[in-house]
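What follows is a single structure, written as structure tokens, with notes after it.
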Amino acid sequence: MSTLFVYAIVGIGLFSIGLYALIMQKHLLRKLLAINIMGSGVFLLFVSLSMRSVTGVLTDPVPSAMVITGIVVAISATALALGLMIKIARKSAKAELCNLDQE
Amino acid sequence: MIDTISILFLCLGAIFFLAGTVGLLRLPDVYTRLHALTKADNIGVGFIVIALCLQADSWFVVAKLLFIWILIFLAGAGVSHFIAKNAFYNGIDIWKR
Amino acid sequence: MIEVFLILLPFFGGILSFIIPKFNKVIGLGTFVLTLFFVFGLGLQLLDKGSYYHFIGGWDAPLGINLYVDGLSLVMLGLTSVMGLSLSIYAKKYFICKQSLWFWTIWLFMIAGLNALFLSQDIFNFYVTLELIGLSSVALTALSDTKEALTGAMRYLLITLLGSLFYLLGVALLYHGFGSVDIVILSKKIESIPVAWAALGLMSIGLLLKSALFPFHFWLPLAHSSAPAPISAILSAVIIKASLYIQLRLWSSLFIPLGADLYFEVLFAFFGSLAVIWGSIKALVQTRLKMLIAYSTVAQVGYLFIAFSLALGGISIAWSALVYLILSHALAKSAMFLVAGNLLHFHGHDRIIDLDRIAQRLPLSTTAFALAGVSIIGLPLSGGFIGKWFLLEASITKSNWVITCTILLGGLLATGYVFKVLGFTFTKTAFSQETKNISLSMELIPLSLAIMAIALGFFATPLFSLMEIGNPFFIIRVQP
Amino acid sequence: METLIIAELLFDLLLSGSLLFLAYKTLTCKELFQAIVFFIVFGLLLSVTWGRLGAYDVAMAEVVIGAGLTGALLLSTFMQLNKINNKLDEEKKQ
Amino acid sequence: MNSVYIVLILFLFFNLVAGIWRLMYGPTNEDRILTSQLFGTITVVILLLFAQMSGYAVLRDVALLFASLAAVAAIAFVQSSAKKRENRHSDD
Amino acid sequence: MTRFFVVIVVSLLFIGVSYAILSLPQQAQGLSQAVYTEMGKSGVSNPVTAVLMNFRAYDTLLEMAVLFVALIGVYSLSYIKKEANLRLQSSVLQRLGGILVPFLLLLSVYLLWVGAHASGGAFQAGSMVSASAILMFLSGWKFSLFPQHTFVRLLLSLSLIVFLFIAILTLYMSKELLLLPVKEASYFIFILEAAATVSIGITLFNLFVAIFSQQKEKK
Amino acid sequence: MNVNTYIPLFVILSSFVPALIIFRLPQKRHTLRTFLNLFGIFMTLFFVLWMFIGVYHNQEYLFRLPLLPNLDFSLKAGALALFFTGLSSILWFITTIYAIGYLEGSAHSSRFFGFFSLCITATIGVALSANLITFLIFYEILTLSAYPLIIHRGTEESRIAGNKYLFYTIAGGALLLLGVVWLYVLTETLEFTPKGFVYTIVQEHHFASMMIFTLFIAGFGVKAALFPLHGWLPLAMVAPAPVSALLHAVAVVKAGAFGIIRVVYEVYGIEIVTLLHLMTPLAVIASITIIYGSLRALFQDNLKRRLAFSTVSQVSYIILGVAIAGPVAAMGGIVHLVHQGVMKITLFMGAGNFAETLGVHYISQMNGIGKRMPLTMVAFSIGALGMIGIPPIAGFITKWYLGFGALDSGEEWVLFILAGSSLLNAAYFLPILYRAWFLSPPQSWPDEQIFSKTETKLSLLLPPLITAFFSLIFGLFVATPWSPLSWVQLIIEREFY
């Protein structure tokens, strides 16, 4: 087992922690951070597994490129979410998802 | 010979970083901690950069390293200034014995 | 070559309407007309030549990205462009000045994303298009600017991101397990190793989150009900289906050969049935019209997954049922949402019991709602009926009586909630209400959508022959 | 050589451990501000990780985004939220 | 030489981990920001040492980017967190 | 109770996926071989850039669209104020900005240029541009990069426009979308990257400003 | 491809197209609306007559349109189909005239007449459909287009009635759908064929065939108001009188009964149903319904409600006739489609006239009403006596043939049912007649409208008189070649036995 698997496992760990927090935490900023951390976990897994090749030093560039795409997407989503969050805080006095179903 | 000197510098840098960290942990208020931070930022990085410069293959690398040092220097100084000012405006008291 | 324009044109229109906001309506509508035209051309080409690939950048699959056009993607593209055009005409009147400033750009980008998704053949590309669609629909949902809409949009955003992440994790595993992100190559390489199963689970969870199957439906009602009417319409009509479409592609080429269908068949059927029952019951007890329609979507998603489960069970007619249900639900549900938008505009509220003689005062809207309701319930002769017919046929062939009963019960409950609304459109409320005028096009668009949903019932045979081009469900046929 | 490998392994473990720890702290610590700073630091370590994994392009992207933009965005959002809360408190008092 | 680098990297890393204490318990937000500043510096140094150790020159570019952007987050913090307008007076 | 349940689910997920990963073969299945054999035709020598800008340029196009949509989404949410609501005005800050900003811009040009053969590229360069713009903005400099001006809107959508332009061009030349001719590929890629840098920079900056100075709409 | 192929379609379109136009007419254009209505009716009648002659001379009228793979939308004018078509189109004509008198001038008449025409379209479609899926389609259209008529008044009461109606009928429709799909899965055909097509599978899927039959009966039984599925019918009487006439006599209830006829004769075939031992239960249910409906009718004071329960009872004669499984009884049952139609429509129009002219809704208010409105009351009396089965009115013919048929098939117990129901009919109709003719009228009527020349509006007066006349004629000239009974004989000979 290569040490690089450690990072892959850490990636899944980050994903799991993020998922846990996303479900359990109330505050939106916290949820957003959770999403970001989950994303980082996925990216970590993506890249670290591409380092498995023993022969040759050629690292696989495709996952890197995909992760860069993913990072751009993540930052876009984060920005949109932050904007939305501020607006929600302004309307409902707290940056949480209040339960509007039961009205 | 060069290796020894750079190890020496590296150790010096490490000591300053240690000092910075210890200061960060042990000093009593924001203002004094800022002081500790700048030690690590400026001198610690400085020593390590010097050590790495000695090991560098080309002048380009040396220039880059020095550049990094200057940048950290600037950022450290500026940020410390702003944080201190901010802390002062926000009414954080100065520690008195 | 034509298929590329379906992606480029909306992008181009979106950018143009961003740079020249003065003419954004003209640009938007023009783009949609052109897109529809191109879809038509694509259909002709497809009938002529059969399904084909487009190698983007000239790089073939493992390295580059392939587009793939077959009957299924053509049908979905057609749906998207028809919905796009009609909702645009509606939105032109619906949005007030400030909202429409940014609306058109996001809207066109969303359509571009949808078109790109329906053409794609590459699982990572699916991810990017999903994100494009997700972010733009969140932005559009938030356009209504009420507390509910913002909360709904936020919830939707979080869920869509979460779903995408699950999906991306699956993509990562598949890539590292089999060294490609192209569906065709993957389908050749895939074998039953733990990574494939993990990817299957993760991708399914992610996509189910996005398509709001029963236990994951919690975000849907608020987002769909509080968005502006045309956005609610497209969300329920196409966006939900986009992730289902990916599921369809993935299963039909990757996961069924894996032998995964045996377990998931039961799972999908179970949750689909629960969704039908739960969604319908929740819809029945709603007091607000848009909320009712949104819960109806939850129920209809259940039908789609029941069809999906039957299709996994090896009944080929269920694939047709699935696509037919997708189409008819899209048209009918969007008509319903638009009518709800009209009522909201007309009365300033959408409480069902206070609909004051709508049947007399807005007969066209009421007709549209009734016709759409007919299709949703699955009464003959409508698109929904054909879908339901196939579904029943499949479930009886399979002798799966639980599913059969669920389908029938769902139809009854659907009757309940549709006619709950329709009943109140005839009655008079005790207090008088102020009303606003509604422009004719805002009434005609839902009506024509509803009529299309009905008319779908008459064109089953040609549509099926169209859908069969390229044999999108090819794996099923190969298997004995 | 042996020690080097052990040291590298130690480094890997330390790095991954602190990544996990920081993520955990980010998501569970009490104060929001704290969480944001933890997240920024998490970004720092993540870019070191990219460097360690040889994905230099990703490392650069992460550095640029993490240090330059995400931190700034999150902090200004935090302050916005604070401001809104303060304003609401004042309104309540009046 | 490499072993020296890696030991130094580990040492710096321990510094960083120790600093987390301040992040957790630092009484004021300013404390936290300044700690993160220190962390940034440490990261830069780690990257530099790593570049030297493994021979990947690109990491030096990464460090350069890091160093040049170190101030942005802190400035953003400062620009949005000062509370009272009245107290502000032009400095210098 | 919920917590317990969630913990169980999350740990099951963790264990399952970890098991799947650990059971992966040691040998990578990736595409590196394919990429390196085709590198010569891509026009650049940095494999990641080759993937991003040539092999999977279509993904990049869509990614630009995502960024763009996010920006417009944020606009549609907020009332855009033209001036920064800065709390601190200090000559030190202005001086620091004065030193850093040109340097950052220089660095971004460097990144853009180096992207063809070493790590770096449009996105990194664009982020540097945005960082320098943010620094300028936060230092209290008066400059206008907001979408009220048609010119800025053009800059914001520049990358997409160039992308679409090249897409149409290649479609006209070779009937395949974004098929960059081998000889001129490097120029095409450079143009694409330059445009993307400008757009990404201004977009990210505008995202920051929109969130930094979002405020209540005046009625 | 000659014109004959399209005639079934033309019949449907000739009422459908006017309906669509009427929907969009503004409230004021009542002349145009009336013209369109009548134009549609005459076109329909013309085509129907054409087909009657054609069918009499063994001409075939079949229209096909591919609907699904292997399934067509097909319309075919056979003898049975035309029988029902003729009934509904003629009664439609009469009801429309009545409805014009009853509702023209009140609000939303465009909507009303639109859906009214749509109802007829659907009924004619039900009659002409040549396979089960077409049948199902029109059946459900009928269900839906009757709904707005029932809640036409827009009151809370009518809304509830409408919802109840819909709940019953859609549930029935769902059962029906299940049955049809199931049958299709097993037999892969749905075409109506003389003597049925289920025999191909009955060996292999014995239980399934039984279940499907049960589903069919339950599905149609809802509309045909078989006990215990009749609950919607008495409630639906809140609708305006023409609608009640439509529901009870022309379209809805009849469609259910017609469906049962189709299923028994042309899907299963008598032999198969008998083989499956399903005839006797069906007959028993029909008998229970007959007695139950009559008993309930006995205790109603609201006139329309009493008539509604009477319908529950009377429609089951048709089913009973079918279920006895003999040609003679079948004649009695099928001919009752027409007989019950003309008699019940007379009764409802009469009741509508009382309500519209005098504001009388309850039987207890009807004292001496025969003196105030003699002509209407004469018509009403003919209808009522026919229902009881007094010769020579049409109702008698039905009962005669039913009884005779029962004896023929050796099911003597049916006679007791017939006798009992006749007694009960008499028990709930005769008191009304007694009150109306022999008691003295009250000082004033609840809500009286005075018309100078006749006792009520001419367009309200004529239709019941005509239908009453019909019910007499059908009874008196039963042996002529153009009487309904002769035609039924033709059906039975050609298609069933």
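For clarity, chains are labelled A, B, C, D, E, F and G in written order, and residue numbers in each chain start from 1.
Rule of thumb we're sticking to: contacts are C-beta pairs under 8 Å (C-beta built on N, C-alpha and C of every residue); 3 or more make two chains touch, one makes a residue touch a chain.
These numbers were taken from a predicted model, which means no experiment stands behind them.
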Any chain that touches chain G and chain D: none
Third chains touching both chain E and chain D: F
Whole-Å separation of chain centres (CA-atom averages), chain C against chain E: 48
Geometric centre distance via CA averages, chain F-chain B, whole Å: 32
Geometric centre distance via CA averages, chain E-chain A, whole Å: 22
Interchain centroid distance [CA atoms averaged], chain E/chain G, Å: 88
Per-residue multi-chain contacts in chain D, two or more chains: 8, 54, 56-57, 59-61, 64-65, 68-69, 72-73, 76-77, 80
Touching two or more other chains - residues of chain C: 124, 128, 131, 135, 138-139, 142, 169, 175-176
In chain G, residues with contacts to at least two other chains: none
All chain pairs that touch each other: A-C, A-D, A-F, B-E, B-F, C-F, C-G, D-E, D-F, E-F
Complex interface listing, chain D residues touching chain F: 56-57, 59-61, 64-65, 68-69, 72-73, 76-77, 80
Residues of chain A defined as touching chain D within the complex: 3-4, 6-7, 9-10, 13-14, 17-18, 20-21, 25, 27, 29-30, 33-34, 36-37, 40, 43-44, 47-48, 51, 59, 63-65, 67-68, 71, 75, 78-79, 82, 85-86, 89-90, 93, 95
Contacting residues of chain E [partner chain F, same complex]: 58, 61-62, 64-65, 68-69, 71-72, 75-76, 78-82, 85, 88, 90-92
For the chain F and chain B complex, residues of the former touching the latter: 88, 90, 92-93, 96, 99-100, 103
In the complex with chain A, residue positions of chain D that touch it: 8-9, 12-13, 16, 19-20, 23-24, 26-28, 32, 35-36, 39, 42, 46, 49-50, 53-55, 57-58, 61-62, 65, 69-70, 73-74, 77-78, 80-81, 84-85, 88
